[in-house]
Amino acid sequence: MAEDDNNEPWEHDLEDPEPFHHEASGSSHGRGRGTPALYGVMAEFDNPSVLVAAARRTYQEGYRRINGYSPYPIEELSEAIGFKGMTLPLIVLIGGIVGGLGGFFMQYWMEVINYPLNVGGKPYNSWPAFIPITFECTVLCAAFAAVLGMLMLNKLPQPYHPVFNAPNFALATRDRFFLVIEANDPKFIHREVLQFMGTLGARDVSDVEV
Amino acid sequence: MMALGQPVNTIYDFSKADRILSLDADFLAILPGTLRYARNFAARRRITEGKHEMSRLYVIETTPTTTGASADHQWSVKPTEMENAALAIATGLGVKGVPSAPSTSGLEAIARDLQQHKGASIVIAGKEAPPDVHALAHAMNDALGNVGKTVFYTDPVEANSVDQRQSLQELISDIDGGRVEMLVIVGGNPVYNTPADLKLDKDRMFKTKLRVHLSQYRDETSELCHWHIPESHYLEAWSDTRSYDGTVTIVQPLIEPLYQSKSAHELLAVFTPQYDRKPYDIIRDYWQHQGQAAGAGGSQQQGASPVATPSADFESWWRKCVHDGFVPNTALRTRSASVNPGGLSQPNAGGTPAVPGGSPTVREGSNSGTFELVFRTDPTIYDGRFANNGWLQELPKPLSKLTWDNAALVSPNTAKQLGLEKTIGRKGGDIYVDTLKITYQGRTFTDPVPTWITPGQPDGVITVHLGYGRKRAGRVGNNHGFNAYEIRTSDSPWSASGVQVEKAGVQHLLAVTQLHFMLEDRNFSKEDRDVLRSQTLEEYLKGTPAGETHDPPPDDTLYHPELFDYQNQGNGLNYAWGMAIDLNNCVGCNACTIACQSENNIPVVGKEQVVRSREMHWIRVDTYFKGEDANNPEATNFMPVPCMHCENAPCEPVCPVHATVHSAEGLNDMVYNRCVGTKYCSNNCPYKVRRFNFFLYQDWETPTYQLMRNPEVTVRSRGVMEKCTYCVQRIQGAKIQSELEGRKVRDGEIVTACQAVCPTEAIVFGDVNDPNSRVSRLKAEQRNYSLLAELNTKPRTTYLSALRNPNPEIK
Amino acid sequence: MPIEAHNEGPIHTTAPVAPGLTFASVTDKISSIVLKRKTPVGWFIGFAISFVLFQLLLLTITKLLFEGIGLWGVNIPVAWGMDILNFVWWIGIGHAGTLISAILLLLRQQWRTSINRFAEAMTLFAVAQAGMYPLMHLGRPWLAYWLFPYPNTMGIWPQFRSPLMWDVFAVSTYATVSAIFWFVGLIPDFATLRDRARSKPFQIVYGMLAMGWRGSARHWHRYEMAYLLLAGLATPLVLSVHTIVSLDFAVGIIPGWHATIFPPYFVAGAIYAGFAMVLLLTIPLRKVYGLESFITMRHMHNMAKVMLATGLIVGYGYIIEAFFGWYSGNRYERYMIWNRMHGPYAYYYWALILCNIITPQFLWIKKIRSNLLVLWLISIVVSIGMWLERFVIVVTSLHRDFLPSSWGMYQPSTWDWTMFIGTIGFFFTLLFLFLRFLPMISIFEMRTILPGAEVEE
């Protein structure tokens, strides 16, 4: 076709599956008249530097509903996708304070108010002796807050997530790096996204079904 | 009898004695009347309320005893030397007609001191001492004018006083001659404890046609008899008996016999026409007739004072006697007896007594290789009759802290001579000792003879205790120790000479409750720890403190000083319980340990557990030897240690579950049902008074134990800690009673078990908030101190330091 | 380019891992140990021996429950013996794991990476052993729950001034935090294993444990934050736990216990013992599993240096204790030190000095640090030495305190030993299970320290 002359090699047509483009595969829901439910478009990379650069460019392009996937944490990546996430430290702090105050006042209430007993001539409010347990309660509650907070904020456990449908996604836990632009991003236009992601230096770009 | 020409009973009044000379007399522990003697002796030595005079006790003995430990001067001599010592003193007192014996300055000083206290002194010979020594003692008392003032003679207490040795000899020869057809043995255990030369052994027993034995246990004698009749315990039967001074007491049973047993009265009644007379009637009738006979100037040699005669009054008189526990005015009347010292034989060739200026000499060991032997009744199981009594088997012997065994006591020098060793094991109460082979007149012991190295034991003398080596004692009494009766002869039942002794190859394991008897590890320091304070009377009167003052100043605390104001509990009654223990009066009898065990349901754990340091006694009596040389102590002191009930108890804050807390009245409460058994409290107690139930030590099965136990005290199970509670059940009982009567508890109304049984009143309990209570007055004494005061535990149990009254002329 | 990365390799390379490794090779190497179908025979043998020894533990516990702690050698005055000293020994060992996981993370020591998973597992298993002792040493262990503050019909609460209560909270917190720290660290590796597993059951198990982890950057961000916060919490925690364990003794009034040096001295000692145990385990392990490129000579040297440093602190503790025992002038303190050196347990004391002060001095010498056999032997000696230290502290202080009449002795009984050997068996049983079913090196963390992991801008 005449327009094809201007297409880049990796541009593709829905009708012509080419090696670089993978259909949203799998279930039969997607075939037919309506487009299959699309979660987003995933690009697969070889190394972290390319991924981070790609993420930055994606963010600059104005995409916001984006995410990166890697086999190990990459500090620059979360910056690049514009994620700050300072909720967790606050949760931990509150957990610690609640634990500490709770621990101390538990001891205080039990030894001073509810059932005071003369134990070796020590004062009822033996606050120096209450310190170790107070400290431990602080640490315990803060630790629980950290873990539970992290899991809850991450919405884990979550056995199923659409990205698992991406091809080769199993390698996200080995040596591949991924970037996705979700379909519900306000700027998401499938064709444009596909095209844009083709410019990022990925090994592969594919649709991901929900 | 030798001295006086007739059998008499000698009794003493220690309450009037300022100077006492004991010639092998363990009058604070053995002897009839020992409780009264201890009480009176202690009264003469109590320095409280401004008194400044105390008696002085000299003890010359053939083996260390607790009486010797209480002495101001003590010497250990060989049995063969005892008579010479007595002779020397007697000469010094001017007793006429006695053979002469070499003297020393120490003995002369004793004689002088006694002379200065004519009529207020006592010379007492032990029951184990030979007749010559007794004779000398009588002569000395006579010369000192003590008779009728501190020494009294009465008719013998026994109803038929006979020469028991002669009587036994007659029986044995009758049996040997085949003249005995029926042998009825009422009580006792003659097959076990007859002397070796007059042994009622199996062959002799089988020579009689019919043998009957009445006894509480099916013992060695019962085994060889046709009939064993179980004997009722004295608490289950009516009887009567005389105390040491002749006072009659009616023995009233507390319960019906637990088993199908018979009392001696019932057995003997069978041999009379009225064969089925009840013991109650027998006793009652006897005393009714006594009254009538006495009125007729009766034939009784007892010389009892008249009893109320008219039969109409007899019933009320009888009831009063049964209720009170004694028959008034039945003490034997004192009588005169003239002393004839001419009856004394020449002294033994026993050599000069080892009594120089004062401290015992170190004599070279018996060069002929023979030793002298001393027989003594055991401090806890006596002559063996209590061998099956777990309490007494487990009660540590006062000077060795040995349990469940007897041992041959040897001096450190003798031990070196024989090559004997004692090794402390690693489990806590285990001591491995060498054993001996002892031969006397061709006889030897069948069981191994463990040795015990005893400081203060005379060189060349071995002491063995009777009562062990039993084979038919009962559940716990069998096969402990060796049987000293096997070589004991009737001609010299309490000592023997010419004894062959050599080390045997085998070692024996002994169970002891105390491993260290010095107040410091002598390898580390020559200075004693300030634990048991003792000083001379002179120093005390000068005001010299007996120890370092450690009490921290009252405001030496980070807390508010009025944190727990025991003076103002706000409940109106303000009791604050406390205890004072006068170390000057404790004679080391260990009765407090048994009383506590009885009162508080304390279990017996057995030899193997004592080996593991797990005995359960809540109060223990610590024995300490003073001086630098463990083998040659200068003094022996006793220290009863119950729970101190510290106001700042270190055991309380370390218990994770509130199982031990402090009551408003100052008691350290132990809550058994809350205890989970971490044992931190025991670790933190510096006095180590807490005891732990490592196993289930209580016997749930034996039915009679349910009767034995005190229902007012919890019986503890496995895994809980226990300790002295100041007899809280008695405190609560008294408080309840006082509340019912609308008054405060009176001083002396609450008597802890240990206090009740202490013969010398060394333990006093009461309300320290009451300045007039006995305990408060004792605590106000200068001699009062807290044990380990520098730890700031503020114990409610305090001690009064011991005093000694040495003769300045000696040493 | 890549230099020989074996035993004699350079130890001062900046990379804490041998060169030549890639994300893929690291992943495959570590996960293959877990996922291979055929279990090596050696593992079976090791597991079997450990399991048999573990049975001794179960037997001892049963007997204790039925008959009582009189089976042990404890008595009055030595009411705590092998039970408590083994408790402290095991807890001490556990602390190295937390130090490696948490403290070295905060100090940004990359060399921790290949050993922290294993060390943290060791911590958990050691704490599991330790935890049995406070329970079983009770006279009435079935009432142990009374140490927890729960509302009850008796209306009573535990007594919080007691160091044993502090222990309850400290050890529980430590066990819990270590467990969740360890588990959180495993989540990404569970994901790795889930994606690699060949059999369906394992896929499902690892999948559930991974909780759906997918490596999302947002998740990683929060994850790293949580991990860092946990490390920040675990650091004071580990210091506090052994401080509180030391206070079990320091709050007591007897000479030999009542010393303010105990908290730092015990914490240093714990790290010392823990590193000895880590060395003891990793030296054979890296050989058997072929992990020399992950656990390199640099690790060995660093761990040896930590051991030396903490050993010096421990040595200082002994010297100071002896000095102040004398300098205090307090006769009870003076006697306590004298008795340790000359009394019936003197052999233990001098063996202790040999094991804990003299032996680690060899670690100053680089050649010795490089000789893995000698290093391994030294770590055994140190482990024994730390056991002796607790013996000396617990037993010699208790057996002779203030009143000579209550001086006693202590000897462990057979059942003391069966319990101890049983815990060793249990420890190794758990360790073998860990080695078989879980990645012993943190895979995702290993990836972060590879050279290819750095983002070039």
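First chain written, first letter: the chains are A, B and C, and each begins at residue 1.
By definition in this document, contacts are C-beta pairs under 8 Å (C-beta built on N, C-alpha and C of every residue); 3 or more make two chains touch, one makes a residue touch a chain.
Everything numeric here is computed off the predicted structure, so don't read it as measured data.
Novice: May I ask you to sort the chain touch graph into line, ring, star, complete or other?
Specialist: Graph shape here is complete: every pair of chains touches.
Novice: Pick the pair with more C-beta contacts: A-C or A-B?
Specialist: Higher C-beta contact count between the two pairs: A-C.
Novice: Using mean CA coordinates as chain centres, what's the chain B-chain C distance in Å?
Specialist: Averaging C-alpha atoms per chain gives centres 56 Å apart.
Novice: State, to the nearest whole Å, the distance from the C-alpha centre of chain A to the C-alpha centre of chain C.
Specialist: Centre-to-centre distance between chain A and chain C: 34 Å.
Novice: Averaged over CA atoms, how far is the centre of chain A from the centre of chain B? Could you give it in whole Å?
Specialist: So the centre of chain A lies 85 Å away from the centre of chain B.
Novice: Can you list the residues of chain C that touch 2 or more other chains?
Specialist: 156-159, 161, 163, 165
Novice: Pull out every residue in chain B that's touching 2 or more other chains.
Specialist: Residue numbers touching two or more other chains: 650, 653, 655, 658.
Novice: Among the residues of chain A, which ones contact at least 2 other chains?
Specialist: In chain A, the residues touching two or more other chains are 117, 119-120, 122, 129.
Novice: For the complex, which residues does chain B have touching chain A?
Specialist: Chain B residues touching chain A: 559-560, 563-564, 646-653, 655, 658, 661-664, 794.
Novice: Using the touch definition from the top, list the residues of chain C that touch chain B in their complex.
Specialist: Residues 67-70, 73-80, 137-141, 143-144, 146-147, 154, 156-159, 161-165, 168, 248, 251-254, 331-332, 335, 338-339, 342-344, 398, 400-411 of chain C touch chain B in their complex.
Novice: Going by the contact rule set out above, which residues of chain C touch chain A in the complex?
Specialist: 22-24, 27-28, 149, 155-161, 163, 165-166, 169-170, 172-173, 176-177, 180-181, 184, 188, 191-192, 194-196, 207-208, 211-226, 229-230, 233-234, 236-237, 240, 244, 247, 444-445, 447-448, 452-457
Novice: Can you list the chain B residues touching chain C in their complex?
Specialist: 424-430, 514-521, 523-525, 527, 529, 531, 609, 612-614, 620, 622-624, 639, 641, 650, 653-658, 674-680, 682-684, 686-688, 690-696, 718-721, 787-788, 791
Novice: Once bound in the complex, which stretches of chain A touch chain B?
Specialist: Residues in contact with chain B: 117-123, 129.
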